[in-house]
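These notes are about the structure you will find just below.
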């Protein structure tokens, strides 16, 4: 026990020495658990009747929606205020005369303004998934069980906060989706309507990626950077995928100037660091494997 | 605040416009949270003494098993009834004169009839994992910590409901396992005894895949379709893997007519769209990489 | 109902027949849920102020740390005692005259002794991640949202218990991290300071891997074995990666005698089963793909 | 175990024989646990800042209030609908053409209309308690710790629903308060402003009691009926207490025609079955006890 | 902080000195929280459809009952085994050759055998309450909101275990009911059918009380002992109340030889230490109070 | 719905008008729920092995005690700081130069210093209860199920904070015990060792009561004030009970100058407003009741 007491003292001392501690001025960072709660609430707001354990009663729909939205608004204001206050301390963000609380309220009000449009976009994504997968038996199955829908839903929410310069929250959101789905979409990525990711494990979509409408992506696809030098952090480092493109499993497309022209098909395991013109098919040359008897 | 009130009204209106809402006739869909509870209960029924936080008391084993099974049966009947009612509304399933509740009871009774046989098959899977991985120190370690065991356990449960034409539940089950393990096995896949997946992240096994006994698969393996056209939804689109086959990490095998003959070995990263005869070894030709000095 | 009663009896009988049951002598195995709780507690001890939903009050830091450490110590002693008792029953571990409880206490005391040093190492890992990813905007973002940090944090804890011959617990820990991050690091792997895994989904690092300081790894990298024969379980089966090496996405490096020399760079999707000298660049020869018009 | 199976069958059979079972037509009764939740929510709506474990943030007061009220409204509509449907089945209540749900909505809307007036009345009750007890150090202490305040708060809510002929809910509410405080006020009692009960254990106030403004009551006081014949259920059976009356501990006042005139004082343990004129003091004649040496 | 560390040591030392600690031989006492859970489960078994927050589904009634009974049986065996082991260590109870676990199983099996008869008795109590209180509007109201029903329900369960010489559990049960209702019935009391307690706060019914059928009691009634000498612990110290007796509020009846003859009525606040013959009315002589003008 | 929106606005407006709202300057009051948690934790610290649902492991006793005490200390400092800050705002308490947090820490340190002595006193109270009640079968039964023990345990804790001028917390503590037991002891009362309250419902012990050692009290006893004028708040208003006194059920003793001499016995329902000398027996003169035939 004496040893444990010594370890406690050593650990508390180490809090001063090695960092990894957040308590500057009593201020605080957004909470991953808090963000996860918010995402779960928003999921129920976006897909009413699909997430509840109990039946959703139709004649209480507005009561339920209002309660959920007030609750989520309250929690979001708290987390956004913590995030922009953090940013404001570092000088990256200015809360202005009204203070960070007022700015947080404004951002959250804007977010709920935008939410019906986000739902409209997600409805198109659901259609794209249903059409894009022969194994999908119904729209309901897509909403209930497709990890790609989970990932794109979270992305469209995270991207809103990214576009408003809110720090930390968008990345925490995208990592929550990454952990659940294996799909890692940076909140900075700009993704068009009717987007579908099938299976999805191992997909990586980088910060400055631009994706057009009606794009379909399979598991293990990387849309990445050629260089990972810190100095190039503010340049476009990830590719542009134009509309109507399909990218099969395991393909890797790298570079901020790489453009996959509209209507193209990129085969499985293809490795691309240069642009391809519209309506192109790119596939791995087969034949590079050998067969033998055991 | 006035803005938030307007957003609430806009969202509730959007519930009528953009879909993504489930409340037709007060009926409801199976709940993902409910299915996750059921899987957790079934896990304790299948592996008694391996999942409890507290010691399992041997002299209460039948009491505990009976309680768990009654509870799980009750929950399963609820979810199965919701699922087949959904299917019945769409005309894909007929509940007959007895009604969907009676059919749900019958299916759940059949399920618990089958469960001892499923446990027997899983016991063989555990043995296969222990034999197949030199890093496995004990049978207990396999049951406690192998994601492949988690995935195949859930698959064998999901496949039962799939084989009884219950919609939604099997896919929700397989996605829960996919989320936890990164292993995506469609509940339609027919998988023989003594099946072992090592590491597993990124594995995809499609709906019409057929796998024989004693097959071993590594991370990143895809058993997929060549075509993803919706019209071909009811054909065999995924490969057949005969018994005693090993498929190493990252290999891709595509096509409903592709058969990997018994006893074959498919090397890492191999890309196959055609059948190979029994006892064949297929490997990537090395030498396609370049070395240079920095 | 009668059928359900029969199924209960059949299942309870099957507990005697098919194994998968743990209740020998009333002893018990470590609990996955219990280990998950411990990891969550340790996460708060290691990163104070980053995990709490509520503000961390600075003037209660020692009170909070002491409470957390006493609680975690108590839980850890329970789980370690169960684990080494299990091992002791199989003859792999001897608890000596003092009994397994005393040995468990000693191991846990040693663990908390070591924890400040583990925090120091993790502080270097955080710095490496911040420097290594242009998309990282702040140290706080790395701690809050990088799955690679989650994986390496759990690994450094699991590796301590592995190094003390505690069975089961290290593997349960690593599988918890694998499930959350898609990164599968065997607790036996020896990993130097300033280690960074970006994105990470699909990474596999085998039991006897040795990794030097300042190594960077991307998603889908496998550091694996050439042979998976059970007889070779106690040999070095996985590669050695020397300091300052970068391995890009999807690369596969196999074999216990394979050494990647210091300062080398391994390109994406490269497949290596042989050593490379220091300061080497290895990349896939491009050109093995074909383009066509649709 | 066989015995237990027999007992289960016997119990399920007894459900048909001995009553005590509610499942007629799938309809259901209000839930005590549900009503307790509602009371807890309403307590927070009525006394904002006094019930929360965490600080109440002033600038989120409207968000918080709106969320709480929407949630409580939703729950109340459910419970009121169940209650009046129950009453409607027995013919005591008619839900009319609109159906019981619409009536429930109307009653709940009226309730929230009334709530600001109820708060005003309770503010007067708090003042009366503070003035009436020399031991009360502050208004805050009264709100935080006086059981009489708990009882009268619940009564004023229960009385609203009683006055709207909602069955069951008012009595469940009053029993919840009775259980917590030992104060048993029938929801039918009509109680004026500035009412104070000190200590309160054992107080009983009957269904047809009428109490004027500014009345003070101590523990163990009964305001009861002389007759308990079922046939007299619809008559005034309990006393009338006019304004400015004080009733000390243990006094018993019985009978529907008994009127305690305004400004009177009733001493401890007094037993009254007849009216007393205004400004009267009634006390027990002392002297009826004997002293002896041990 | 140093002071707190000293206090921890002083407290742990005091555990050896002042008693109040239970840890002899690793054995344990029944848990109040555990008993409360069991009572809550039994309440649902006894009054199906009256306690659930959600609707009770009729077609799952047997499944639900079986699950509840298996769960409660398991918990009860645990608590009974702890209780009789405690008693056995003190020599008051002998578990015999089969051991305390087997005895506990037998007692619990007997309990569930008895439960349908207990339900039958409680059905008569419910009828008595409905008939006995003019304010009761329905049978359902009695089951949902009468504290007397709560107290007598718990008593009939506690009395079973008392009659089987199980220590501690019956008293813990009766105190749980006492805490909720203010009604303190010793589990040893023998109480006939159709028993009704109205309001109930302050009622005390002693260990050796005997009560006939169809007795009605009001708040504040004491059925107590004249002597409280420890030496008389095993004698009949509390009164006998014959059938059809009514005892009004605040009456005190003391002594083991005091018999209230059948059909008698005891008035409010009466103090009795001697027997009264059947069909007697006893009332306080009024007139012992004085009135004055203020 | 529009009506509900109007009600929300009206309620939020009423927050400004009718008071009952606490949000001055963001400061906050102690939380009843928080105090209840603290009492529950302290109960486990005081009676180790009597409150846990699981077995208390002897060899972890110090670990468990340390964890509990650190946790409780942290929570207590929070609540005490809120309480004295409240008092400090009103000018009743001065936190001095160090600030209220430092004073709170000091008070809590003193409290844990005192706790071993409080345990010693409670050990004597347990003995007194066991000796004083013939129905008590064991010391363990007293600790597990006597409401008088619950009340005196909480009182001795509350009294410590009262004696240190901490506002609100002592009264919240005493009301929590009152709610559970029906025993209402003002935290200001000074109570000697070996105190026993049997049954207890309805007991009221006023703020300035002084009770000597070895006093026994039954249900319904009031130790109260003659006058309840606010101006006399700071005088001794409640009686003094000297050592070795027994007071039977329902007795009322009033007045700050009333002294019950040592060794006296006060009979049931006695009403006393004057002192009695030592070794006196006071009893109600019987005979004031009438018997009649029905």
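By letter and in written order, the chains are A, B, C, D, E and F; residue numbering begins at 1 in each of them.
Here is the rule we go by: contacts are C-beta pairs under 8 Å (C-beta built on N, C-alpha and C of every residue); 3 or more make two chains touch, one makes a residue touch a chain.
In this text the structure is predicted, and so the values were computed from the model without any measurement.
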Strictly by the touch rule at the top, which chains does chain B share as contacts with chain D? A, E
Hey, which pair has more contacts between C-betas, A-D or A-C? A-C
Chain at maximum distance from chain D, centres defined as averaged CA atoms: C
Same or different: do the copies chain B and chain C touch each other through matching residue numbers, with over half of them shared? different
Farthest chain from chain B, going by mean C-alpha coordinates, please. F
Distance between chain centroids, defined by C-alpha means - chain D, chain F (Å): 25
Which residues of chain A are in contact with two or more other chains? 4, 62-63, 66, 70, 73, 182, 201-202, 220, 250, 269, 284, 288
Enumerate the contact residues on chain F facing chain E in the complex. 45-53, 55-58, 61-62, 65-66, 69-70, 73, 109, 112-113, 115-116, 119-120, 122-123, 126, 131-135, 137-141, 143-147, 180-182, 198-199, 201-202, 219-220, 249-250, 268-269, 284, 286, 288-294
Which residues of chain A touch chain C in the complex? 3-4, 6-8, 10-15, 17-23, 26, 28-34, 86, 90, 92, 167-168, 171-172, 174-175, 178-179, 182, 184, 186, 188, 201-202, 204, 206-207, 220, 222, 224-225, 228-233, 237, 250, 252, 254, 263-265, 267, 269-273, 276, 279-285, 288
Considering only the defined contacts, which chain C positions touch chain F in the complex? 59-60, 63-64, 66-67, 70-71, 73-74, 77, 101
